[in-house]
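Across the two complexes that follow, subunit A remains constant while its partner is subunit B and subsequently subunit C.
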Partner chain A sequence: MPKVIYVSAEGEKKEVETPVGTTVMSAALKNGIDGIVAECGGVCMCSTCHVFVDEKFFDKLPPASDTEEAVLEISAEERQPTSRLSCQIKMTDDLDGLIVRLPAKQR
Partner chain B sequence: MPGGVVIVGSGQAGYQTAASLRAAGYAEPITLVGEEPHVPYQRPPLSKGFALGKQDRESLEFRPANFYRDHSIDLLAGEKGVTIDRAARNVLLASGRQLSYGSLVLALGARNRLLPIPGATLDGVLYLRSLDEAAAFNERLQHAQNVVVVGGGFIGLELAAVAGTLGKSVTVLEALPRLMSRVVAPSISEFFRELHAGHGVKIVCGCSVVEIAGVNGKAREVKLADGTAYPADLVIVGIGVVPNVELARNAALPVANGIAVDEFLRTADENIYAIGDCAEHPCHFTRARVRLESVQNAADEAQHVAATIAGHPGRYEALPWFWTDQFDTKLQIAGISQGHDHAEIRGNAATGKFSVFYYREGRLIAVDSVNRPMDHMLSRKLISASATLAPEQAADESFDLRQFAAKLPRH
Partner chain C sequence: MLNDSDKIDYIDKIPNNVDLGRDKVLQRALEHWQPAYLNWWYDMGPTESNPFHVYLRTAMSVEPDGWAQFGYVRMPEYRWGIFLQPRDPDRQVNFGVHKGDPSWQEVPGEYRSTLRRIIVTQGDTEPASVEQQRMLGLSCPSLYDLRNIFQVNVEEGRHLWAMVYLLHRYFGRDGREEAEALLARRSGDADNPRILGAFNEPTPDWLAFFMFTFFTDRDGKFQLCALAESGFDPLARTCRFMLTEEAHHMFVGETGVARIIQRTCEVMAQNKIDDPADVRAMGVIDLQTLQKYLNFHYSVTLDLYGSDVSSNAANYYTNGLKGRFEETKLKDDHLLANDEYPVYEVVGDQIRAYKVPALTALNERLRDDYIREIESGLSRWNRVIEKAGLSFRLTLPHKGFHRAIGNFAGHKISPDGRVMTEAEWDKRHHEWLPAAADHAYVQSLMRGRVVEPGKFANWIAPPARGINSQPLNFEYVRFN
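Entry: the complex of A and B
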């Protein structure tokens, strides 16, 4: 099963086995990653599952939709070039080892 | 005096209060009391992805059961608050158990408004608010042919879209002259009427439902005052909700159109807060007292009260926002448009992508966006910052809203 590595704002790493097709957001909620809030439940209405994707993986992701791009405009911590919403990243085998850094604040 | 927080109600507001308290480092006991026998879950998907079979039960949970154990949140599922003893600072539960509190958070939610007509209790007449009700709806829908939806608000239209998508014959009966009339402009109502009609959903506005007729105890048709009858083997009623205020009222706390709270979300008792669907608060934006039924309101008020209890009080000033998904169309609402005296359209309804910008005395107060997510998100920034966007700028698509919003101070 592919792994996602969540890195907290304090630098603490946690590896989570994530079934293919599961979003990086929902794997975080199920596995006690507190830095992801996901207030709207994954429908691109809030920005509280914002992550910074490691550069090595960023280009492997399908591009963000217009809706996701819009939400990143309102992220609590200012967006960076590799910012994504974790609710929009679905796990694939190709993404095994995906590193996402969590912002210090989600609201 | 006892310490700790008791939260009565384990919907979005109750769950979020508990989670935010722990996230803020609050170390005293937290008890979360919920009537339903489930781990706290999200309601919005019940009339969307869950009804379409795209989401399972587990995906609705905010957090798995072990989250509550790991964060020392005592989750009492299937329990109900019965009375509050304000002097002794404790809550009596239906089971007879008593809970002492330092702070009490009432996140009691609301219940479905019942249809007050003959036949409303027939088999096949359903309401949808809870997970159990949603599961029953999904089961019934599979076998239904003719679905009649009473109420053309968010819930009714979302369920009509679900039933239409699943190939059912669907009729929506709305008492008022247009759809979602409490919250959106006529141009938006008309767009959604056409959207539904385009998918074969029959929409009847300005009608009065007087009876549900049945055979052998099962609903068979829905009758209007003018004599029209619509065949129905499934009737779904979405005519609004009634806030759960009784626990507060019985404790002599002031209640208006919801449990009355101040700008700090406190009731008349300084140790008791009320948040979410059950509470009426002074709105920073409309300068009126409002009771809102939304995820945003529940989550933001919860986080606000959690911060207050954790030692960081402040005035509640979060911008209300809402959304609804019907067929492939997303309607996003920023702010509260009620009381507007002017509206401007950005984009073109004929393309299926447009926004309505609402003004009051020259001030931008709300924006409804249909399939224009960037307008919505930028509008939240604009309204929150009280930005001065001229109506001509709003209507002019060549005016760059993003650049304009980027110059505003960050929230």
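Entry: the complex of A and C
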């Protein structure tokens, strides 16, 4: 099963096995990753599941939708070029080992 | 008024995950309440909006992968559904004297009246905000914004349904009477007002609406978060799902204010002006007026958290009815019997902190949690000003400024936290709070509505992107 590596703002790493088709947000919530809040329940309406995707993986992701781009504008920690909402990243085999860094704050 | 032909088949047409069709008692209760609700919507919902076809999202399930469905709908035909987060059979009461007990699936008899009061107070805010905002569709700055306010309105209606479901399902005749009363009170009515003060204040213009959704809907979020920790499991699960919708309301508020700031800054930078009179002459809202609105909405909302020291709040917590913000993430004993928390009081011309038992300071603690999140949003607004190269910064006034409830009530505190005399306050408060002239100016910008797809009023910038990946010139509302 492919893995996601969550890296907290303090640098702590946690590896989570994530079934294909599951979102990176959903896997975080199920595995007690503190830095993902997901206030809107994963429908791209808030920015509290904001992550910075490791550059090695960023280009492997489908591009962000217009809605995601809009919502990223209100992220608590200012968006960067590799910012994404983890509710919009669905796991694939190709993303095995995906590294996402969590911002220091989500609200 | 509702005609027979307008009646909805509540079993087929109310999306729900509570098995409505099998609960005959609940079914009869809703049969009785739903026509009254629709009559309330026709009377007090958005003015002159009933024929419009609005591009709305409707909650259809609680699944993270697409609980919402987008499409055109006439608002009276909106499918106000009833959704609870799925039940966790292992969930426990997580705080207070019942900590470790299985969470309650029925209302404990000894807490019946308290829980009913909590649910009624929360439920009362939902129709109240619809009533407060009902005239704003007549002065919308764009179709995009008109669609957003209607989305907020129908979802506040759904949140009323959520609370009414609990009243009907768990509180018998008393609950049904309370559900009727929720439709009888009116925001600002002298004889039968809404329960909480801020919900009787008018929302007279779009700046007030955006401020309301940023500040006051966020209070709603924090109250829902505290109730989502409740030992009464159906309340917790209901509130958990309501929070998912509330997130969009705050998005509307935060981005609405940000777009006004952005437009003002653009005009200031283009014309190299910073005098508020010059800014107003260009038909946009000066940053000083934005600051005054911010001061008003922030301070009025702080009052909603209640008294700084409250035995009611302590009882709610001790009895497992209402928790703290993110209770289960906090690392302590979840009893708080031996803990203290600082609150503030005015002594002479000084404001001093003193510690009280943490249990009695839970309102203050929730208010402090709220303030931290507000500070974060404010920094994003200031980012917009900073990017425009302007030195002005919006600030939050002192916690004691313009307060009517709690330890600061009856005292005059300046935005920078000085205790003032009544005379000094009378002389200066118009520097900090919107005066009649400020309201008049803002409302002068909002006469008539902008309804051409893709067009926006002069005083607000377009959003970065549309709703549900639709373009900005999408016909978000069809007037037919």
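Here, the second predicted complex is superposed on the first by the 107 of 107 C-alpha atoms of A that agree within 3 Å, B and C clash if a C-alpha of one lies under 4 Å from a C-alpha of the other, contacts with A are read in each partner's own complex, and residues count from 1 in each chain.
Convention: contacts are C-beta pairs under 8 Å (C-beta built on N, C-alpha and C of every residue); 3 or more make two chains touch, one makes a residue touch a chain.
No experiment lies behind these values; they were computed from the predicted model shown.
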Superposition on subunit A - do subunit B and subunit C clash or fit: clash
Touched partner set for A:E73, first subunit B, second subunit C, both or neither: both
Which of subunit B and subunit C A:V53 touches, first, second, both or neither: neither
Touching partner for A:L61 - first (subunit B), second (subunit C), both, neither: neither
Touched partner set for A:S26, first subunit B, second subunit C, both or neither: both
Subunit B versus subunit C as contact partner of A:L95, first or second or both or neither: neither
Contacts of A:C40 with subunit B and subunit C, given as first, second, both or neither: both
Which of subunit B and subunit C A:L85 touches, first, second, both or neither: neither
Partner chain in contact with A:V16 - subunit B first, subunit C second, else both or neither: neither
Subunit B clash site on subunit C (candidates 348-356, 366-374 or 420-428): 366-374
Doubly contacted subunit A residues - partners subunit C and subunit B: 26, 34, 39-41, 43, 45-46, 66-67, 69-71, 73-74, 78, 107
Subunit A contact footprint on subunit C (complex, rising order): 62, 64-68, 221, 241, 243-245, 247-248, 250-251, 254-255, 258, 329, 373, 376, 380, 383, 463-469
Sites on subunit A touched by subunit C in the complex: 23, 25-26, 34, 38-43, 45-46, 48, 65-67, 69-71, 73-74, 76, 78, 87, 105, 107
Contacting residues of subunit A [partner subunit B, same complex]: 26, 29-30, 32, 34, 39-41, 43-46, 66-67, 69-71, 73-74, 78, 107
Touch list for subunit B against partner subunit A, complex: 16, 23, 42, 44-45, 59-60, 62-64, 66-67, 70, 295-296, 299, 303, 321, 323, 325, 330, 332, 373-374, 376-378, 380-381, 402, 405, 410
